[in-house]
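The following blocks contain the structures, represented as structure tokens.
The following pair of complexes shares a single chain, chain A, combined with chain B in the former and chain C in the latter.
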Partner chain A sequence: MRFARLTAACLALTLALATATAAAASADRPRVVVDAPDFHPLPIAVASFLAGGDARAAAEVAGVVRADLARCGLFEVLDPRSFLADPGEGLAAASIKFSRWADVGADGLVKARVSKGPGGFSADLRILDVRAGREVLALTLPATEARDLGHRIADEVVRHYTGEPGIFRTRIAAIRRTRDGRELVVFDADGQNARVLLSEKALLLMPAWHPRGGELLVTSYRSGIPELWRYRFSDKSFRRVNTGHASMGGSWSPDGSRIAFTAIDGNGTDVWTCNPDGRGARRLTTSSALDLSPSWSPDGKKLVFVSDRAGTPQLYVMNADGSQQRRITFQGSYNQTPQWSPRGDLIAFTARDERRVFDVFTISVDGGRIQRLTQDQGRTNEEPSWAPNGRMLAFTSDRSGTPQLLVADPGGDRQTVIASGAELMTPAWGPFPAD
Partner chain B sequence: MTGLAHSALVRRDRLWPAVVASVAVHTVLGVLAIQRRGPVFDSAQQPIVARLVRLGEARPKEYLPRKEPEPPPADTGPETAPVTSPEPAAPEPGPGPSARPVPTTRATPGPSTARTGGTRGERRLSNLISGMKQELAAGSPDGDPLGDSGEAVGDQYLARVVRALRRNYRVPSTIGEKERLYLRGTIVLFIEPDGRVLRHEFVKRSGNPVFDEALERAVLDTRLPPPPEDAREAYRRRGLQVDFKI
Partner chain C sequence: MALSSSGGGRTTLTDINITPLVDVMLVLLIVFMVTAPLIQQGVAVDLPETRAKAIDAEEQKLVLSVKLDRSLWLGAGDDAVRIPADRLEEVLRANARVQKEKELFLMADKALPYGVVVDVMATVQRAGITGVGMITNPPGGKPRRADGAR
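And now, the complex of A and B:
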């Protein structure tokens, strides 16, 4: 017993001494802080996909994946011409020579086998960590079309690396000017696969997506005055929302229960909300100035809008019931078309600068810090709309003459024209697909 | 022998104690000078290049911000070799008959790029004008865009370590903004006398494997400067604690 106590005491003393020594060494150790890292896109290689029957489809799918990943700004997609690995290399980690992928600078590796079946296509997808030399994701994805399969794969890659859903299967609505009038057009997120939903001789403006993606709210002059109309995808119906006023610029609340809009009546131009059928209209702003262009915060508790009550159009924020209205922009003399980011931290808007050109900016909701996205790229870059993950923006630009549709990341980098030709305006990026 | 010469000789005889004392003092001084160590020059030491920057008028606060132009490519000369006083530059020759404009490149659909064509004289004029424009464009009169006064008072070796690590401190953009707010990691580096990292230990991981891997890569990819002679043993045995944050 005595011996055991002695041993325990010795052990405790040794432990205490070791701890004290380690603590002393740690305390004596010089220490530095390294901050401000360089954020860089993750170098990723998308290998040529193996074909299970249709080599052309496999190549098309790989091309879509590369283009999607390159456009989103998160990845540096390596040029396939630089690859050193055997093109016939298999999917399993054991069959892959990772050193060859490391030699071309890849951190991540995307491989897939694309098969064509009676119901469409499927991909056996693998994502591999090149440095660790192991597989980190394996799953099978089905799709009816090759392009859709490519978008699905790209979405999975984004989900793997960020933990967030990708946006490559979302859609972007826009108004296209035609010789006879206007069209309501919907594009895939990469600008492909344009579908005309409506073709009108009357003015069409400002489409806005229902949060679940089944409907679009559009401002139409079909009846001679601006009014809100709802286009439903399921039955292609187009119905007027009777708000009781000339109305424009509708915006769905995040839960789809209310619509915020600008109403023009004898009392002026103000921000109102109503039920989706137009009933229960409620006026939120009462100033004699112009109050317009409302956009909901992602939690549905606030609205950002434009008002010229201070003499020039500026951005204001208020509660969803109209209380606590406060100005948030104090720079620039013409700020308009605000759109609240789905992440809630930023509001994108169009502003005219001192050279009287329009550019796209963001302002942080907390600190009011303004960041410029476009500059010296044509005379008008405007009407930003957020991707549902808040990591990209769509906007229009006349940098090449006719206004075209572009996407960029929130810093303004990787600006990519995704649709051009006829004049495009007021883009609206849709929500995540339901499936 | 004249009386004048005689008196001079007499005076010279009286000077010998002073001459002996002078020789002794100079000898002592010479010995001291030889024994004393001269200034130590560290060949790896990077020269501190000071540049005076006169900034233009402050941009009016009511103006919207402008994107700053890309900084010119870093001049590697001062990083690797001491700066020597340059010879006066010879006047540039005028545009010769063989001078041809460089083909203009235009990035599509990226930001509009500056025109690169023109003769050398035109380019110089263009640079001068653009420099003047830039000077007038923006800035704070009391700003210090390039300075880092903290380094002057800190440990110079540690400052060089931080600079070396920061060059390789690259984090993938795939890490979300919210997560960036709290990501921290601490690594202890055990440094060999020649600057190689003998081994490293994670004292605290961030919990995000991608971020931790980026830290590890920064450590492995960085060649640190050799520690000061009097601290080499300490850096080798006790190590240097590096706190990484965003």
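And now, the complex of A and C:
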């Protein structure tokens, strides 16, 4: 039984095809509404972008837009090889032969003119409704780099159709295994532009983002035992957080005021919280079992965590002060690495089945609805992390051998390998960019 | 006295082996003939006249035209685009509309050699399209366009 297919049908986008110019009433815009049962990706054509000077940059920007829109699972991005329109066709609706776009199956049409100036690039972006034969959005976007311009355009397309912000300018942190140690690496959300922040001989694990993106909390064995450390982007500093315990798996609360973590003591582990500097530590779980891997609800009032107090690792939810602990998973005998969706509705986790194969699942917060993202795709699909809009997940998979970094929609229908090569572990999807 | 199949009792025949008796893959190109008095606007092609069943006016498919000079055109009327013969399969294979509908309408000039039209149909089939509607004119009908190659 493939639960992912059911999810796909549920995660849905509904299109009201009535459109208006960007300035007109937003109620008439084509809409991609969440959670409708008749979801179909919107067929969208991204025309070859016109070049104001730099044809290569224009082609690169269009390629980034196509890849972004295809990856997010909301669109069916049409193959440019099918296009019938004149490549030099203009941006204005009056100059566009819409029947040629209808003939390749397009509902939406994205056009742009990419210009290069002294400060970087800019795009004159147009979104057009093919059936209505008119423009529905016109916008000028600036960017210093071509790839960033492509991500900005893709974000605007998502915003236009869904009313929600896109995630194409966010970043994903992960741990990469090297020949003699571990690296803390940050990728763009499409897996490009990898930057090594730390290269360590000691074990490095489980990065977690500050809610505003300026820092990463990492578990490091630099001092011989697992402890929480903070990496700051602005000055590249790496400082230990003294929690008073051997600690791992830190997670920042959504307002940045507290850190939840797993403290290791004697024969067990417990979930604690502390201030970002390590002070004010407070124990939330008291069972003699293993309690670990806390993740905050988006309102900061609850935590999901793993406990084996009932004999096997299962997911539990509790209030942020440790009260009202209750179990939410009752299927399977090995459920771990929970991550609460930024939308608040779902918790993603890794489950091991009876064949000892690990797969990524989501469960509704009340525990009522379990959905499967991966199945028969390698032996290990694990460590899911939500995009800040809650519409995509990053995870690792060994489906092609060495564990790779993938992104997918929550239904698992559109899975894309975005980084591979050396072994990648414990991805953490960062927040929306500040600008 | 249950209907047990073990222990030498009589075996029930409830389990029919449903191994497929026939495992033949038929690759068919379904050709249907349609007269198109008004609804389809193609390029200037002199269509044959037949008494074929008229197609539903609701039904609009991607139109592929073959002119007397053997040039290939995709699309309707003035917006039709000439496609080089060696790119036709790729263009159709990449076309999301025709790959969903799995059918297109073919408008071929009546003076074209049979072999030329069959060649185009074979390319269409290779591109994964399973149905071809041969567009014809009704008997005594007007040519498709006033500027048709008459």
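As a convention for this text, the second predicted complex is superposed on the first by the 394 of 435 C-alpha atoms of A that agree within 3 Å, B and C clash if a C-alpha of one lies under 4 Å from a C-alpha of the other, contacts with A are read in each partner's own complex, and residues count from 1 in each chain.
Definition applied: a residue touches a chain if its C-beta (ideal position, glycine included) is under 8 Å from a C-beta of that chain, and two chains touch if they have at least 3 such contacts.
Just so it is clear, the structure is predicted and the values come from calculations on it, not from any experiment.
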| item | value |
| --- | --- |
| Chain B versus chain C as contact partner of A:435, first or second or both or neither | neither |
| Touching partner for A:366 - first (chain B), second (chain C), both, neither | neither |
| Touched partner set for A:332, first chain B, second chain C, both or neither | first |
| Which of chain B and chain C A:399 touches, first, second, both or neither | first |
| Partner chain(s) touched by A:377 [first = chain B, second = chain C, both, neither] | first |
| Superposed model, chain A: greater residue contact from chain B or chain C | B |
| Set of chain A residues, in rising order, touched by both chain B and chain C | none |
| Complex interface listing, chain C residues touching chain A | 62, 74-77, 79, 81, 90-92, 94-100 |
| Of all residues in chain B, those that touch chain A in their complex | 61-67, 108-112, 155, 158, 161-162, 165-166, 169-177, 188, 210, 213-214, 218, 234-235, 238-246 |
| Interfacial residue positions of chain A with respect to chain C in the complex | 43, 76, 78-82, 84-85, 97, 99-100, 102-106 |
| Chain A residues within the chain B interface of the complex | 25-26, 28-42, 73-75, 107, 131, 161-164, 330-333, 343, 345, 351, 353-354, 359, 361, 370-372, 375-377, 399-400, 406, 412, 415-417 |
